[in-house]
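The structure under discussion is supplied below as structure tokens; questions concerning it will follow.
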Amino acid sequence: MEKKQFVEALVDGDLLDDLFLVKSVRRAETRAGKPYLLLTLADRSGEISGPAWDNAEALEPICVTGAVVRVRGQAQTYNNKLQVQIRDVQAVDDTAWQPETFVATSARSQDDMRTELDRLITSVRTPYLRALLRHIFDGGATGPLFQTAPAAKGIHHAYLGGLLEHSLSMARVAALLADHYRGIDRDLLVTGALLHDIGKTEELLNVTGVIEYTDVGRLKGHLVIGCEMIGRAARGIDGFPDEVLTHLQHLVLSHHGRLEFGSPVLPMTAEALLLSFIDDLDAKMNLVEQLSRKVKTDMPQWSDYQRSLERFLLLRPLSGDSEKAAIGEEQDIPVKQRTLF
Amino acid sequence: MEKKQFVEALVDGDLLDDLFLVKSVRRAETRAGKPYLLLTLADRSGEISGPAWDNAEALEPICVTGAVVRVRGQAQTYNNKLQVQIRDVQAVDDTAWQPETFVATSARSQDDMRTELDRLITSVRTPYLRALLRHIFDGGATGPLFQTAPAAKGIHHAYLGGLLEHSLSMARVAALLADHYRGIDRDLLVTGALLHDIGKTEELLNVTGVIEYTDVGRLKGHLVIGCEMIGRAARGIDGFPDEVLTHLQHLVLSHHGRLEFGSPVLPMTAEALLLSFIDDLDAKMNLVEQLSRKVKTDMPQWSDYQRSLERFLLLRPLSGDSEKAAIGEEQDIPVKQRTLF
Amino acid sequence: MEKKQFVEALVDGDLLDDLFLVKSVRRAETRAGKPYLLLTLADRSGEISGPAWDNAEALEPICVTGAVVRVRGQAQTYNNKLQVQIRDVQAVDDTAWQPETFVATSARSQDDMRTELDRLITSVRTPYLRALLRHIFDGGATGPLFQTAPAAKGIHHAYLGGLLEHSLSMARVAALLADHYRGIDRDLLVTGALLHDIGKTEELLNVTGVIEYTDVGRLKGHLVIGCEMIGRAARGIDGFPDEVLTHLQHLVLSHHGRLEFGSPVLPMTAEALLLSFIDDLDAKMNLVEQLSRKVKTDMPQWSDYQRSLERFLLLRPLSGDSEKAAIGEEQDIPVKQRTLF
Amino acid sequence: MEKKQFVEALVDGDLLDDLFLVKSVRRAETRAGKPYLLLTLADRSGEISGPAWDNAEALEPICVTGAVVRVRGQAQTYNNKLQVQIRDVQAVDDTAWQPETFVATSARSQDDMRTELDRLITSVRTPYLRALLRHIFDGGATGPLFQTAPAAKGIHHAYLGGLLEHSLSMARVAALLADHYRGIDRDLLVTGALLHDIGKTEELLNVTGVIEYTDVGRLKGHLVIGCEMIGRAARGIDGFPDEVLTHLQHLVLSHHGRLEFGSPVLPMTAEALLLSFIDDLDAKMNLVEQLSRKVKTDMPQWSDYQRSLERFLLLRPLSGDSEKAAIGEEQDIPVKQRTLF
Amino acid sequence: MEKKQFVEALVDGDLLDDLFLVKSVRRAETRAGKPYLLLTLADRSGEISGPAWDNAEALEPICVTGAVVRVRGQAQTYNNKLQVQIRDVQAVDDTAWQPETFVATSARSQDDMRTELDRLITSVRTPYLRALLRHIFDGGATGPLFQTAPAAKGIHHAYLGGLLEHSLSMARVAALLADHYRGIDRDLLVTGALLHDIGKTEELLNVTGVIEYTDVGRLKGHLVIGCEMIGRAARGIDGFPDEVLTHLQHLVLSHHGRLEFGSPVLPMTAEALLLSFIDDLDAKMNLVEQLSRKVKTDMPQWSDYQRSLERFLLLRPLSGDSEKAAIGEEQDIPVKQRTLF
Amino acid sequence: MEKKQFVEALVDGDLLDDLFLVKSVRRAETRAGKPYLLLTLADRSGEISGPAWDNAEALEPICVTGAVVRVRGQAQTYNNKLQVQIRDVQAVDDTAWQPETFVATSARSQDDMRTELDRLITSVRTPYLRALLRHIFDGGATGPLFQTAPAAKGIHHAYLGGLLEHSLSMARVAALLADHYRGIDRDLLVTGALLHDIGKTEELLNVTGVIEYTDVGRLKGHLVIGCEMIGRAARGIDGFPDEVLTHLQHLVLSHHGRLEFGSPVLPMTAEALLLSFIDDLDAKMNLVEQLSRKVKTDMPQWSDYQRSLERFLLLRPLSGDSEKAAIGEEQDIPVKQRTLF
């Protein structure tokens, strides 16, 4: 069953019959004492709430947070806000739907990104660093988690695959700047770009579209967790040099750039300075890109006030056809870069 | 007369007979009432001070700040510091010396940089922006000033030609990142990179190696001065679009990135965000490079405490042979970039 | 038709038939699919919203943002808030109403303020500065804009004529303090006071009571815009001395007093220090005065929490009859002061 | 004996025979074990140090910190600094000298300032406030201390009489602004201006030109001390209204304007806001005036970097003849102002 | 009449007939012009609002803010929030209820705390300090106020008796740390702990569960008020040493630890440093304890975001039986401490 | 050979013949080209520098940084500073001296502190935590390093044994406060107190009295290093619970209390809040104690300006006889505490 009705497009009066993700559910009672359910439904385009007045007992075991269900009902404006009056909910088979239909997902495909990741790892010539990357991304549980994780709970790259997309973008910028500036250890910098947020795979928990912090994530933070993960991985590689490990861990620990942003040490090497810049830049440019996608006019348009940046932004519309290939088809890779990867 | 004795290499007891720049001069008197001169001499490697006990009257008209003179005397340690006891000073012909012998100068030649500047200007396809660049760099007094100006009084690119070197490096990074991120107006960004510090040509006064602020420089600052210079230049170009001018002036005004760093407005466009990052990054990487040049050992070495960064830096030595060509030989320019410039 | 019903005085159940300004309008639909309009109406005393359930098609072309219309309906409390149920809207002739009835306006008349402005300009003895003031205020489009502009979008002097009222108040304080302190160039300071916010005439756009930022206003800010306006005006005056222009522009650029408040340079002259103090003081005293006007009791009363000042204020009621003459004729000098000094 | 030789004017080789204040004295020994004295001598123009090699035993009881003595010796340059070789020191009669010869003193005479203080007190019409001022300034020990105290250890009004001079200047500005702005209680504000720093008479200890903090001054601060002094004085006045006392104490406690400047409460009344502005303004303008006095050229001149203001200042020379009368007799009101308003 | 129905436990549909505190009351009118009352009712467990549609005229004199009344009605969910539909309100006799039933109160009894206070006072061996404590706590109006005052309007110890509970806890920690660290004047520190917030008895006004700032409280702050109260008390004790008073006042004035937290002076003695630490610590630990009491599960649980601490807290449940006796039974007092108290 | 001449007590003219630590050595040359040595000598009381004019070649291999040597010479004042003219230097046997004679050392003996550490470890009843403490302190290289390490390079506990002294003091305060406040896990808190700075054993390198940062110390910081050390130790203990490890690591990572002080996470548990307070408090109280030891008078005395605290401190002299036993004799341990340890 292909989903056709998306939350974003619903208007007052629409009759609904389609699949939705159950984001949350709460049982309540009418004044007469009759139980009913208050549901929040979602798909990748947004969320909508509303009551299911009847059959609460029967519906409750179906309406589980994180489940995808078939909903019948009608959209209605109530208190200036669009609600859904739910008439029926049915369980559906897990094979009947694609996760990316229901939760926001990177515009780049996982295969595409996985391919680029492999090419970047191959481009790392320093044997120990390449071995470490292979160990972490191919070895155990971290690799798969890394591919689907979001980069953050809010603000930038806050969608499935966002962490990988962000890390790849940073690694490509890292390679460009390592070529531009003198005395940069390109392999160390690219490795740092790929691993800088690796701790987020243990810091954040992703239950079908609901991102939460783990206890250890809050109590230690993804910088320290990542530093430890890399330390453990390096100990699993025979002869991994202590000094290289220290430098790589320094990249991870210092990449927030300032103590008040949660880095326990400031960037003190050329690569650490570069990496903290690239991380900040890539996050901000992704935010601008996400906001620009929403501009529907042909003209530049002012954004809402961006609390995270403490300013308004003047956004230019992103026209679909001018899309830059995120990684570049084979034939487009610049000569210099082709030898690199 | 080719200079052979440089301040950096002087040791206690050395007999001096060579050319030096007069950095400052002060007349004093011995207890017995005899006048003498206290001179500070300099060349591109450093500074040294000392007294000329005799012939003060005769020497005074020769020892003018900013003049290059022939000095005879002897280096002596006094109070744990190397001084020079000056025995004689003679005027020399202005054609007898090269400025770069006496003041620190960019490692890149002016011709080299001028060539790159031309190529970057040519790479700007938007007619009005290219015309503006030509107008400013080729038209009047600004172009030549821009080529020899330092980028700052201290910290980064603080040597002759530093402003141009810094602007070119930023423009190249700008071109790279404009290709990497979506929705960036490359021509606007590259033009902004080349012009962002243009106001420094009026903010700073360079009198043979002594960099000073002008009154207007202190009272208005180079951001506003640059904004006005660009405004006047644009009015000299028939039909220059108001909107383009506003965006370009916004790049100049906002490039310090934060109000407390002297930008009267925050970066509010994608290009302005990028430019403020690139400026900050390029300045810091230049500082790291300058410090790394001083590392004489083969091993990484901790720098002195860097007050501007509030930290120590672990510096890797820059080996001479691994020099990256600053602009890249013709054959090395990546395909994609080649079409750009 | 003289307006008699003001928003501030409406109570639940009132029947309405009077003129109101359309502040905003939005078309919506009932569940049954019938279109209706949601209007926000305003006059100088406040705003009120409500639906016009019938004749949406016919009313829509009449209910244009910024238009003054005749509204019939009834005030009703809904969800603890007073609304208006709109029964009919009619277009009215533009000559039928006075703007000051519908938008908040300075308590001082425009004629009164214009007269004072002329006297202050005449009091400037330095020929170039007086010529500049005449050029800007009498010459072109700026003068009229200046007279009706608000001084800000929120907080202080946020009403029509507020910019002129604020500038005049500052100029009078400037004249007082220039007499009190030694070594102050009174003419420069008074000129700076009158011109310090001149850039706001291009930064803010005033469409019948709706104040908005222009693009150029946000991207450059009124300090830089004002600096450029003065520069252009000075170039239109034969022989205007560069140094005087620089000092005047410094006053404009530095008048916010601190970099983090958007001044690209700090006040560095005695006049600039004074002007930044006077601006801050006058803005705060106007805020206190606006708040004090609302105190209806005889006793001092605590204000709401003032976010802009991060504190509560203890306000004394302003009794109407104790109004100080804003400019003061000779015979109006208070006895107190005359005997004192 | 009238002092003729001032420190400021001494040059290498001068023979000295004049009165100086002993600022500090330290006993030392030559390698041969012979005791000698190291003295720092001062007058209102500056300080100079040097050794008295002979007769240490006999000189020591004469060379007491704070004493004025007759010194014979010679000025000599040593290590690039002017010293004095002291040959003899003699005690002098306390009646033989004027304090203002030896310590920096307000340019205004004490009589002049005392007269103005009386007129200002008389101008306060509110009986309780006038009584309080009389009580404090005429009653006990505070009045005389107040007249000679400096306003601060460094920066502004840091000379004898500076506290009174500063308080009077503030009171006059207070009167001007109380007339300018609506709803200001002029008497409260003027009283606050005169009393705002009264706690400094207990915070600072002045021993012939050496200003020190008292223990209670450091442990409580002059704001709280002043608040208590006023509280005690008010309790000595029958029927002094609690509310007036609270408001006056609020002026004293809040006059530093911000918590981080040591005010335990922020200014929350119109008068408190005004007073904190006036204090800050008057201090800064005095600093500018002190610096301007040192400008010896006809042209504006940049000051040294002012750490307290975090900037350089462009100073205009103060020509002696343009002195404004500090208080202004009736006949002294400038023509300009009279015609203007 | 013992109260049985508490706000916290009400559910939709409950019939009410019990005593409640009137927290606020507002008169409104239906569209038909009929007056009705909107009441907010409270007890120590929480607050609930709702309309009394009938008999507004008769009920209004009964429903006075701060009164305890008997309410009949029904709880109903409206707009997702529980309301109460009030059918009847009756006045009740003041003797019919206990304040602690209606306002949040310290878990420790007043007798218990009064006893501990006496023992702590007795433990102070320095005669003047003990006399001062007796004077303040036993002498006049302050003692009783101190016993029932809250420690703050929000955040920590914000319940009746909270000020005393907080002061006692601090005094006990003070005694422990005075024993641990060298060179601490234990009596001064314990006295400071007991008196540090004494000014709150004049800063805050407590009208049956509604805590408000007094005018003098806002205009002077409890630090200065407390300093003055102690000063007055000390003057009432013959021969109270000035130096001891200064030190004690310093403790009170500096106990917020930083200027930006409202202390006019920083802690400059060992005791002042300790006291500011203990105050901050005790406040934060009380907040954690209050939040932990609400954890209903057996597992540690994350709190809501704590704005005052800028973080989430991981809270462990406080099991009732593990309650530490707040003061310790006689037999549990450590030997060392027993001699102390 | 027992050392009798300490740097602190030397005066001009003293003849020296005693042992000193070579803190640094530099070879220089006279104008005549003769080599000589510039030495800095030290003992636990201070440092003194001076030249050894003769026999540079022979002395150089003896005068090694970190060596203790026998020095003969004479103290002389030069440029107002005491120097030593070195006549001869001789090597001495390593067994001939005690380290604590030459470097500042904790006032508590190592045996004493080791005994207390054992008792504190024994007092930890939670098996895994006690096992972890034994593992770390008794197992390998960390224990011995921990006993002699300083707590910091400057400011507080900056002497040999300072780290252990500081950790023990914190653990005792931790035990006291765990008893005072409800719901605290005493064993976790005491363990955290003992281990919070364990990373300093790898962060700092101690070469006979010269404390330096290691590369890994600077690049990762002692918080992260300590977190990893504890992680590795816990993995060496069979069945060590993950949750306990996370909580303990959280204590270590958050103990600086604020992000800007280098903690990557804020304290989020009751124990973490307490520990960060105790650490800050103990460091400050140690600083006060160190300063108080230097007060030689009977009266309280103001310290120099303490840059780390941004204030002056009023110090009371510490009389030797009132010394509190740092750990308490057996018979003095309070009953409650006796059961604890």
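A, B, C, D, E and F are the chain letters, set down in written order, and residue numbers restart from 1 in every chain.
Assume contacts are C-beta pairs under 8 Å (C-beta built on N, C-alpha and C of every residue); 3 or more make two chains touch, one makes a residue touch a chain.
Just so we're clear, the structure is a prediction, and the values are computed from it rather than from any experiment.
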{"item": "Any chain in contact with subunit A as well as subunit D", "value": "B, C, E, F"}
{"item": "Far-end chain from subunit A, centres as C-alpha averages", "value": "D"}
{"item": "Copies subunit F and subunit B - interface residue numbers shared by over half, same or different", "value": "different"}
{"item": "Pair in A-F, A-B or B-D that repeats C-D, with over half of contact pairs matching by residue number", "value": "A-B"}
{"item": "Between subunit D and subunit E, centroid-to-centroid distance (C-alpha), Å", "value": "46"}
{"item": "Distance from the mean Cα position of subunit F to that of subunit D, given in whole angstrom", "value": "46"}
{"item": "Rounded Å distance between subunit C and subunit F, as computed from the means of their C-alpha atoms", "value": "63"}
{"item": "Residue numbers of subunit D (touch at least two other chains)", "value": "215, 218-219, 268-269, 312, 314"}
{"item": "Each pair of chains that touches, named by its two labels", "value": "A-B, A-C, A-E, A-F, B-C, B-D, B-F, C-D, C-E, D-E, D-F, E-F"}
{"item": "Residue numbers on subunit C that touch subunit A, as the complex places them", "value": "28-31, 33, 215, 218-219"}
{"item": "Touching residues on subunit B, where the partner in the complex is subunit A", "value": "169, 172-173, 176-177, 179-183, 185, 266, 268-270, 273-274, 277, 280-281, 284-285, 288-289, 292, 309-316, 318, 322-324, 332, 334-337"}
{"item": "Complex contacts: residues of subunit F adjacent to subunit D", "value": "12-13, 76-77, 302, 312, 314"}
{"item": "Residues of subunit F touching subunit A in the complex", "value": "215-216, 218-221, 223-224, 227-228, 231, 243, 246-247, 249-250, 253, 259-265, 268-269"}
